[in-house]
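Structures follow.
In the two complexes below, subunit A is the common chain; its partner is subunit B in one and subunit C in the other.
On to the complex of A and B.
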């Protein structure tokens, strides 16, 4: 199994397409960091315009922690598209090149082969997330320094102590790994139906875009289906950055406002991942491989 | 008619005497506060604003005559009411360019306090009126309500302890008005935010803020570099 995963990883990283995602993430993060470094004050003034009319806010607000949060908000919506590039190509790519039949004559069961491919896709996904974390979190910490995290939400403000932030990022990236694995599983599932890569890649992207739009639309009729869409739960990482307050409105350090939301979202994502993989397995085991 | 004139004269003399009493009381309070040229203190600040979730923070407080006042948080980001905390006790009565009005005695909690209103004589002053609730026996300001032109009305409640002999409080509760906070979802990128709109009562509650400062370890009249207030 280990050698099969190694072979699959070799195949992934042999393709130039793989590095598009790493390059795109680096470029996007670099451009945001550059913009905020040069003109971050204007951005902050704009964000704090409402609040600073009644409060004096003192301290290094634009620090690495806040910059990373801003970037994650922007990027974690789009990273699934980059993951689809590889995950949705895992089986269909082989079919397209005509190597799938050749692969299946090897003395491994279809289940083992599929599992190795899926593990390789997950490893790629995690590597992309680690890359994102290195550049967005550690890069921003280096460039902007660290301080308390001052988070402006739609209807309230959260102030997290510097010592109370890093573990939240570990949690957030861990959660993002779950969410991105679900995306990889979806791409993987769709790749079993096609004999060229473009179809499942575009299909995965379309499903994500479509579901994300439904998840974010505040139209009551869509509220009924929102809990069943995995994209609704993919933004659960933000919950790590909301703190609980006691009866006298005092933030409790080390707490999370809605931990049950994180647990529920994690379970939904894990269930989707397992569901997509089992479905892939069922389809693939019975599939007549002709290419 | 003669009786009536005498009565008006009597009322005028009584109000003049009361105003003089109030001015004397303010002088006594001021004399006590003037014992402190500068101080440095450590403390704990609790911010209680409905739309802000913030932990308790350790702070350092600096004061230098006549009205330099600075609160610095020990690392991290601090939130203070705009222009508010600069209205500290000394700066409330630092100038003598105001008129005093005696507003009688009022019970605040278990204490009977003399109420004195200060009206600035200067047209340009940001302060419109200050109402002081003074403990006559100790010559200490226990409560102050200040209405300003730019920053609304502030209420300060003071508790005294070990440093009451120089008029320095152990605890100050600062109440002030805030504006309703709301950022568009397009800016916060929280399109998924499903919070319900606030009720009228909650919106009203959101307009009140409270900052509580507990002072510890005063260092009085040991000198403070002016650079700290920049």
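On to the complex of A and C.
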């Protein structure tokens, strides 16, 4: 199994397409950091427009932690496309090249081969997130420095002490890894039905866009299905940045407002990932390889 | 001689309409170069894919190296190499990298020098570090053969290995097959739609059409120029075939299953009058007895019946 995973990773990282994702993430983060570095004050003024008259804020609001949060909000919506580029190509791409039949005449079971491919797709996904974390978090900390984190939510403001932020990012990236693994599993599942990469990549993105729209629509009839859509739970990483307050309305350092929500969202995502993989396995084991 | 491949009643249906392979039985002996002959769409590739467990049979039984394929796939595949239709490989990798990957996947640990030697055997050592996407069809075919040989297999399945090759490439493949069989003692199953190609290398062969076996036997017997292939058309071919199978003529019947439209026999030309007489004695309503001189004539007749739109 180990050598199979090694071979799969070797193939992934020898493909120029793989580096599109890493390049795109670097370019997007670089542009946002550049923009905020040059004109961050205008961005803050725009963001705090309604509050500037009622709140007096000291310190360095536009610090690395806030910049990273802003970027995550933007990027975690688009990273699934970059993951789909590889995950949705794992089987269909091989079928298209004709190499799938060569892999399947080697002395491994289809289950082992599929598992190796899935593990490789997850490793790629995690590496993309680590890359994102290095550039978005550590890069921003380096460029903008660190301070307390000021977050503007829909109906309230959250202020996190500087010492209380970093672990939240570790949690948020860990959760994002779960969410992106689910996306990879979806792409992987759709990949088993096609003999070219474009179809499953487009289908993966279409499913995510469609489900995301359903997740965000505030129409009562859709509320029934929302809890079962994995896209509803993909934004669960934000929960790490909601802090609990005590009776005196003081923030409790090291707390999370709604940890049950994170656990529930994680379970839903894990269940979807397992479900997609099992479904892939069931289809793949019976599939006639005609390519 | 022990049987390397034993196929019994192999059938593959796609949906309810199309039967690609119909109740096919044959055996390949150790050391054979077994020619698998049939026109395009006859069911050759489907059969080979079932032998490699790429396609699940609808019915039938396959044994390779004396083991049922369905329950011993991994053990069997360790000793099998294959080139299936057009050569497939990772075009964004070099020839050496492709070979290295398939060496690893076969569970074989080979040094760079060993792999380069294998590329040298197929004449690609000088292009080892070039991307496969820059290769010609012939070079890809040779690399595909090197990839199939990387685990030193006992059984090699080659599906139309000369497709798209120039005359020199075809000759190279032919020599390679002969070398694998005669010098290295490998068992080779090679498919083709060209009888002339199979005739030059095969020790035994099968001809299939529409998924059915037409002819199976030793090449030297089937290509015996002193024998004539005779096509007999009768009022009821199925009954005629059954009657003939119960006589001394049964050894000379070539087509034994599926194709009930004609009875095909291979016999000495001098035997034709007594065959005529026996057919009448057996009460078989003969419409025509058509000598075709050779197996090639018969095969050409099969392939010429294919209609293209």
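Assume the second predicted complex is superposed on the first by the 291 of 291 C-alpha atoms of A that agree within 3 Å, B and C clash if a C-alpha of one lies under 4 Å from a C-alpha of the other, contacts with A are read in each partner's own complex, and residues count from 1 in each chain.
Everything that follows uses one rule, which is that a contact is a pair of C-beta atoms (placed from the backbone, for glycine too) under 8 Å apart; a residue touches a chain by one contact, two chains touch by 3 or more.
In this text, all values refer to a predicted model and were calculated from it rather than measured experimentally.
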When the two structures are overlaid on chain A, which partner does A:68 contact: first (subunit B), second (subunit C), both, or neither?
neither
Can you tell me whether subunit B or subunit C touches more residues on subunit A?
B
Check the residue A:150 against both partner chains and state whether it touches subunit B (first), subunit C (second), both, or neither.
first
Under the stated touch criterion, which partner chain does A:194 make contact with: subunit B (first), subunit C (second), both, or neither?
neither
Of the partners subunit B and subunit C, which touch A:243 in the superposed model: first, second, both, neither?
first
Applying the touch criterion given at the start, work out whether A:21 contacts subunit B, subunit C, both or neither, answering first, second, both or neither.
neither
Under the stated contact criterion, what part of subunit B meets subunit A in this complex?
46, 48-56, 72-73, 75-83, 151, 176-179, 181-185, 187-195, 198, 209
Subunit A-touching residues of subunit C, taken from the complex the two chains share:
14, 49, 52-56, 73-75, 77-78, 80, 82, 84-93, 97, 101-102, 104-107, 147
For subunit A, which residues count as touching subunit B in their complex?
46-47, 50-61, 73-74, 147-148, 150, 152-159, 161-162, 164, 215-216, 218, 232, 235, 238, 242-243, 245, 248-253
Residue numbers of subunit A touching subunit C in their complex, please.
3-4, 6-7, 10-11, 14-16, 97-99, 101-109, 286, 288-290
